[in-house]
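Here's a structure for you.
Letters A, B, C, D and E mark the chains as written, and numbering starts fresh at 1 in each.
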Amino acid sequence: MARNSSSRSKKSGLSPGSLVHVGRRKVDRPRITLIDYDGEHFLEKEVESVDECFPFNLTSTVTWINVDGVHDPEVIEKLGKAFGLHPLILEDIMSTAQRPKLDDLETSFYVVARMVELSGRGTEIVTEQLSLIFGKNFVLTFQEEPGDMFDPVRERIRNGKGRIRKLGPDYLAYALLDAVVDHYFVVLENLGDRIETLEEELVKNPRQETLHRIHALKREMLMFRKAVWPLREVVAGIAREETPVIQASTNIFLRDVYDHVIQVIDNVETYRDMLAGMLETYLSSISNRMNEVMKILTIISTIFIPLTFIVGVYGMNFKFMPEIEWRFGYFLVWGVIIVVGVSLIRFFKRKKWF
Amino acid sequence: MARNSSSRSKKSGLSPGSLVHVGRRKVDRPRITLIDYDGEHFLEKEVESVDECFPFNLTSTVTWINVDGVHDPEVIEKLGKAFGLHPLILEDIMSTAQRPKLDDLETSFYVVARMVELSGRGTEIVTEQLSLIFGKNFVLTFQEEPGDMFDPVRERIRNGKGRIRKLGPDYLAYALLDAVVDHYFVVLENLGDRIETLEEELVKNPRQETLHRIHALKREMLMFRKAVWPLREVVAGIAREETPVIQASTNIFLRDVYDHVIQVIDNVETYRDMLAGMLETYLSSISNRMNEVMKILTIISTIFIPLTFIVGVYGMNFKFMPEIEWRFGYFLVWGVIIVVGVSLIRFFKRKKWF
Amino acid sequence: MARNSSSRSKKSGLSPGSLVHVGRRKVDRPRITLIDYDGEHFLEKEVESVDECFPFNLTSTVTWINVDGVHDPEVIEKLGKAFGLHPLILEDIMSTAQRPKLDDLETSFYVVARMVELSGRGTEIVTEQLSLIFGKNFVLTFQEEPGDMFDPVRERIRNGKGRIRKLGPDYLAYALLDAVVDHYFVVLENLGDRIETLEEELVKNPRQETLHRIHALKREMLMFRKAVWPLREVVAGIAREETPVIQASTNIFLRDVYDHVIQVIDNVETYRDMLAGMLETYLSSISNRMNEVMKILTIISTIFIPLTFIVGVYGMNFKFMPEIEWRFGYFLVWGVIIVVGVSLIRFFKRKKWF
Amino acid sequence: MARNSSSRSKKSGLSPGSLVHVGRRKVDRPRITLIDYDGEHFLEKEVESVDECFPFNLTSTVTWINVDGVHDPEVIEKLGKAFGLHPLILEDIMSTAQRPKLDDLETSFYVVARMVELSGRGTEIVTEQLSLIFGKNFVLTFQEEPGDMFDPVRERIRNGKGRIRKLGPDYLAYALLDAVVDHYFVVLENLGDRIETLEEELVKNPRQETLHRIHALKREMLMFRKAVWPLREVVAGIAREETPVIQASTNIFLRDVYDHVIQVIDNVETYRDMLAGMLETYLSSISNRMNEVMKILTIISTIFIPLTFIVGVYGMNFKFMPEIEWRFGYFLVWGVIIVVGVSLIRFFKRKKWF
Amino acid sequence: MARNSSSRSKKSGLSPGSLVHVGRRKVDRPRITLIDYDGEHFLEKEVESVDECFPFNLTSTVTWINVDGVHDPEVIEKLGKAFGLHPLILEDIMSTAQRPKLDDLETSFYVVARMVELSGRGTEIVTEQLSLIFGKNFVLTFQEEPGDMFDPVRERIRNGKGRIRKLGPDYLAYALLDAVVDHYFVVLENLGDRIETLEEELVKNPRQETLHRIHALKREMLMFRKAVWPLREVVAGIAREETPVIQASTNIFLRDVYDHVIQVIDNVETYRDMLAGMLETYLSSISNRMNEVMKILTIISTIFIPLTFIVGVYGMNFKFMPEIEWRFGYFLVWGVIIVVGVSLIRFFKRKKWF
C-alpha cells in the first residue's frame, strides 16, 4: 500500500494526461493478445506490434485486445489513439493504484476493477489492476502482468458454446467482470480457512504471535475490502446506464454480478466482526492468564510466608525462651504449621482457586 | 459460513447460468409436492416426475409446487423451462448461500429468503435458503431439505377457512413469507432465553467458558441478523412494485410482514447491545477478581514480611547482642510483633480491604 | 423484553389477522369508557357492552372510546367491525410488543405509541402499548391496563376550557400523543437524577455493584430509546399526511410534539454518552486501585526483603565468621539496616509513591 | 442539563400553549429595550410597559424589541398578541431548554439559538436560550438574562455605519445570529487552551484528577456540540426559504454564517477526537506505571529471595554440616551470593529493565 | 489548530465583511505576480502595485494574478473592487482557518482549498489556505506565504506545451487544484513511511515514547483528513455547475481530480485503521510484558519461598529436634530441597512458562 501510493508521488507536478507508469514494473515488455469473433468465425493470435490490431477495429465483429504489462507509454498511446481514448484514461491505465471506478466515455465505458489473488504460499493477498474498456464492437483489457482468471472465458469463446459468441462486447465485458468477482470467492474461502485456523489456535494456545497474525489478517481484509467495496457502485452504475452499447438482455447478468459483489462484501463484513471478536478473546485470555499466574503466586506466598515467620520465631537466640526447652516444642510447632497450612489451603478451596 | 462460501469457489470460471449445486447436499433426491386450488376445488399430491406438474400451469387455479432438495440440475432445469425462468435464476436457486433478495422477472417475482431454525438441542442456529417464485397463477418454492414451517399454511388451504382459498398466488406468497418471519420470533425467544441464562451465569460465576459462550451467541446473532436484515428491503420492494401480479388488497398484509421484520431487527439490535454490555461486565469482573487476588497477597505479605525480618534479627549469632541476654527479651519481641501486626491490620481495615 | 418477544412466538403459524393476545394479561376484563363531545354538549360514561358505543359513531360529535385491557378478542372484534378496521389492525392492537408506527387506513389513522412509566419505587421503567385510531369523528384508544396520563386531557374536555372542545378528533389525537410525550420528561428527569446519584457514588466509592447499576441504567435507557425513537417518524408522518381527517390548524401542534420528541431523544443520547463516560471512569478507577495495592506491596517487600537477607547472613552458623566476634558487629548491622531502609524510603519518595 | 429537563416535567399534563416558565429564573422583572431605525432616523429607549412598543409595529421602520427575562407570562402574552404569535411559540419562548430550531410562521420566522458563554472563572460553559422572531418590519429577541454579545450590533446601528441601517429586519436577524456564532469562537478558543493545558499535564504528571478533568471537558464539549449542531440546519433552513421577508441579498450573509457554524462543528469534532486520544494515553500511562512498579518488585524479590534461601541453609543447626567447619566456608558463601546476585542483575540488564 | 481558532475570536463583534487578518502573519508585504496568456502571447511579471493588474482584466486573454500574503486589507480590497468580489469573500480570503468550500458568485467561482506541506525535517504537516477565484477571463489565487506547488503549472504555461495555453481560466483553475491534490500524495507517502517505521519499532521495542508518536501521527492524520475531506464535495460541486465559465471539456479533468481526492481519502482511512490497530498492539504488548514480569516473579518466589521455609525449620533452636542429631540429616534436607525445586520447575515447564 504505502509502496504504491508513494511511487504515485513521482507524478506530482506533471501535466495531466502525462503517461508515466505508477507501480512496480512486473514484466519486461507488454504482451498483446487478440481475440476476434462473432457467431460464425473466431480468430485468436498473439500480436507483435500494436498496429496489427487496427484492422479489426473496423469490422463489426467483437474484438478483444488484452495487454499484459502497462509500463510502456508507447503501446498504451498507440492503442489509445486507435480507439479514441482520452489521455486521462491512458494515464489511469498506467497508474496501477486506482480504485475501482466507472467512467462513461460516451461511445464506450472505462471500468477499473482489482483482481485479487493469493500470492506464493497462499498466505498473502495481492491485488492487480484491471482496466477494461468496452465499446460498440471492441473490448480492451489491460493487466499489470500475465496470468489471469480469464482462461475459462477464453475457452468458452473458443468452443463457441453458450451464448457468449452470439452476444456483443457488453456481454464479454460482463463475463470478464464476472470472472474477476468469481475469483473473489476463492480468496474469501482462503481467508475463511485462515480465520478458522486462527480461532483454534486462539482457544488452544494464544501467543503474542497469534495477535500479530490476527492483525495481519485484519489488514488483508481491509485491503480486500478496499478492492471490492467500490466495485459494487461500478456494477450498479453500468446497469443504470442507458446506452446503445449495453443491450437490455445484459442487464440481468449485471444484476447477477452485483448480487455476487454484495455477497462478497457481506462475507468480508462478517469476517471483520469475527476478527474483532477474536481480538477481544485474545486480550481477555491474556488477562485470564495473568490472573492464573497471580493466583499461583498468591497461594504459595500466602501459605509459606506465615509459616516461615513461625519457624523464624524459634530460630531466635534469646537466652530465655520457654518453648525451646519443652519436650515436645518442636512437634508442637509442626502441629501449628500443619494447622495453618491446611486452613489456608481450605480458604483457597472455598474461593474456588483450585 | 466459511463452509458455504468456500464451496462457492468451485463454480469459479464456469459460464453464467451453469447449474452447479453450491452447499451441503442434504437429501437423496428432490421431493416434489403439488397443491392446486381455487375457491371451489382443492388438490394435493406428491409428484414423481416434474412433467406431472405441467398441466396445472395452464389452468387459472393457483398452483403451488414445492421442491425439497436443490442439488439436481435436471429437475430445476425442467421446472425452469416450464415456467420460463432465466438460467441465472435457476443458478441462484441451486446456490444456497444467497442473501435475501428480490428479482423482478416482469411476469413473476423471484424472492430469496432464509428460513432460520434451531438445530438439535436448540443451541445452534441453522439457516436454509428458501427460493420463492410467484407469478399470475403459480407459486414455486425451493428448499434445501424437507421439513419447514409451512404446515399451518397448508392446513389453512386444505380447510378452506380464512381468505387464502379466495385470493391469488400473491397472497399465498405473502402467507409463506409471513410463516418464515413468524418463525423468526421462535428463534428470537430462544436467543433471549440464552442471553438471560448467560447473564445469570455472568453475575454468579463468570469463567473463561462464559466468554466463549458470549462470543458464540454474538456470532449466531450476527448470522441471524445477516439472514433477516436484507429481508426488510425485499418485503418493502414487493410492496412498492406496481404490477398486475400483486393485488392492492395484499399490500396491507405485506406492510404487516414488513412491521414484523423491523420488529425482529429491532430485537436483534437490542440483543447485540446487551451482549456488548455483557462483554464489558465480564472483562471488568476479571479485573475485579485480579484486584481481589492482589489484595490477599498484599495483606499477607505486608503483615508477615516485616515480622519475619524482626525475628530474623534475633536469629543472628553475634557474640555481643544485649537484648538476647535480657530476661524478658523474648516476650518483648512478641510484644513488638503483635503491635506491628495489629497496626497493619488496622491500616488495611481503614483502607476497607476487608 | 425477552418475555414479550417470547410470548409472541405462540402466534407462529396462525393465519394473519388471528386475534391472539400477546403480552402479559394485566386486567380481568376490559374496561371501556366513552366520552362524547362537541362545542356545546358533553357526555362521559363507562359502558358495559361494546354495543352501547355504536350509536355515537353515527353522530357528528367527537367520540372517544378508551379500552383498558386488550386480551379479549370479542371486544376488539366488535369494535373493529363497528369502526371498519382491518383484521390486521386488530391483531396489532392485541400484540403488545409493537414498535411505534403509523398506518394510514385511508379514512382513519392507526398510531402505535408506547407510554413509559416508572414502576413501584421509581427504579425501573415499564412501557405499555397505546393503540390510537382516529378518523372523521372518533378516536379509539387501547391500553394494556387502567391508569394513564390522560386525566388532564379528560379534565380539559370536561371543563370545556381551551380549544379542545371546539376542535375535532385530530386535535384530540394530538392532545393524547402530547400527554404521552410530556410524560417522557418525567421519566427523563428520573433517569437524570439516578445518573447524578451514580456519578457521586462513582467518585466516592466505586464498587462492583456500581458497575451493575450503570449497566442496568444503560439497559433502561436502551428500552426508553426504543420506545421514543420511532415515535419521531410517526409524528412527522402524521404531519406530512394530506387528508381531510387532519385540519391544517393541527399541524403546528404536531410540529410542537415533534420538537418535544426530538428533545427527549437528544437528552437520551446525552445520557448514553454520560453513561459510557462513567463506565470508562469505573474501569480506570479499578486500575488505579490495583496500582495502589501494588505500590503498597512493592514498598513493603522492597524494603524488608533485602533487610531480611542481611539479618539472615548473620544467622549462619559458620565456625569462622569474623564479624560475629566484633564488639560492635551487632550495632554495625543495625546501622547498615537503617541506611538501606532509609535510602529505599527516599527512593520511593522521589518516585512520588507516598 | 438534568436540572433543566427535570423542571420541564412540571408542565406535564398542562394544555398546549400554557405559558409556564421552564428553567431557572434569572432576573427579577423582564427588562425591555426598543430600537427603531431606518436609513434616516434612529431611536433607542428602555420601555416600562409592553404597550409602549405597539405604535412602532405599525410604522415601516425596522423595530427591534429585546426582552431580558422570560419568566413573566403577562409580558410574553401581550407581545405575542401584538405581533400575532401562536400560543405554542410563546410557550417555546418560556421553555428555556429548547434545542435550536426554525419555525416558519408564514409572515415571520421563529428561530431558537443558544448563546454559549464562559461562566465566572472561565472554567465552565453555560448556555442561554435566545428566541428570535423576525417579520416584515420587526425583530423580537428574548433572552433569559441581561448581558449579551449584541452590543457591537447595537453600536453599528447607532453609528449608522456599514449597511445595517440600509437593510431590513432580515439583515438584523442575520447580524444577531452572526454575533452569536462569532462568540462560539471565543468559547472554542477557551476549550482549545484547556485541552492544551491538560495535554501537558498528561505528559508530565497524569493523576486520577486528570482523568476527571478530561471527562469534565468531554461533557462540556458535548453540551457545546448540542448547542451548535442543530444551528447548522437552522441557518441552512433560513437560507432555503423563499419568502418576501428575506431579501435575496441577505442570502450570501446567511451562507457565511453557515460556513462559520460548520467550522465550529469541525473544531468541536477535532477536539472530541483529541480528548478520546487523551483518554487512551491516560489509561496506557496507568498500565505503564503499574509495569514500572511490578518491575521494581520483581527485581528486588528475584535477587534477594534466592540469596535469603542460601543464607538460610547455613542457618540450620544440624550437628553434622561439613561446610560449617570449613576455614573459608563463610567467604565461599559470600562468593556464591555475589555470583548469583551479579548474574541476576545482568539478566535484568539484558532484558532492558534498567 | 487551537492557535488558529483562537485568533479567530478577535473578530468577534465586528461587522460582517470587516477585513481583519486571522492567522499567523507570514510575510512582510504581499508579493503579487501576474501571468497573462492566450494561445499566441505570454506575459509574466511581478507587480509593485495592485493597479498595474487592472488593464489585464479588460482583455480577453487569461489573466492569473497570484498574491502571496493575505494580511494587508488594502491590497485585498483593491483587487476585490477590481474583480467585483463581495466583501464577505474578501473577509474569507483573509481568514486563514477556512474549511475547503465552493462559493458560486454567479459570474465567477470562489474555491477554498488547503495546501498541505511537510515542515522542516519532514516530521510535521502544515497546511496553508489557498483561495482561488476564477471567472470568464481571470484566475486569482491568494496564498499565505510564498513558495507553492504551482511551479510546474507556471512552467507549462511558459513553454506553451500541452493544452494549457489553448484553454481558458477554468482549465487553469483545474490545473492548480490538480497540483494541490498531486502534492497530497507526497504527504501521504511521508505518512506511510512513518507508519512503517513506527510499526517496526512497535514490534522490536515498544516504549511509552512509541505511544506518543502513534498519537502524534494520528493527530496529523486528523488534520490532513480535515484538509482533504471537504475538497471532495468542492470538486464534485464544480463539476456539477452548469455555467458558461466552465467548458464541457474541462469536466473530464475535474472528474480526474475528484478520483484523486477520493484515492487520498481512501488511503487516509486505511492509515487511520492501521494506526488504530497499532494502538491495540501497543496496549496488548504492555499487557504481555507485564505478564512476562509476573511470570519471572512467580517462578522465583514459588520455588524459593517453600525452600526457605524448609531451611527455616532446621534453623529453629529447640532443645529436642531428632533430625538435627541424625548423621545424614543435612544431606537429607538437601535431598528434599532438590526434589521440591525440581518438581516446581517441572510444573512450570508443563505450564509452558519457559
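For this structure, a couple of remarks:
Simple rule for what comes next: contacts are C-beta pairs under 8 Å (C-beta built on N, C-alpha and C of every residue); 3 or more make two chains touch, one makes a residue touch a chain.
The structure presented is a predicted model; accordingly, all values stated were derived computationally and were not measured.
When the partners of chain D are compared with those of chain E, no chain appears in both lists.
Each chain gets one centre point, the mean of its Cα atoms, and the points for chain B and chain C are 26 Å apart.
Centroids built from CA atoms put chain D at 42 Å from chain B. The multi-chain contact residues of chain E, meaning those touching 2 or more other chains, are 287, 290, 294, 297, 301, 305, 308, 312, 315-317, 321. Taken as a contact graph, the chains are arranged in a single closed ring, with each chain touching exactly two others. Note for the complex: chain E touches chain A at residues 149, 151-152, 156, 161-162, 164, 175, 178-179, 182-183, 185-186, 188-189, 192-193, 195-196, 203, 252-253, 255-256, 259, 262-263, 266-267, 270, 273-274, 277, 280-281, 284-285, 287-288, 290-291, 294-295, 297-298, 301-302, 305-306, 308-309, 312-313, 315-321, 352.
Residues of chain C that touch chain B in their complex: 1-2, 5-6, 8-9, 11-17, 86, 88, 91-92, 97-99, 101, 103, 208, 211-212, 215, 218-219, 222, 226, 279, 282-283, 286-287, 289-290, 293-294, 296-297, 300-301, 304-305, 307-308, 311-312, 314-317, 321, 323-330, 333.
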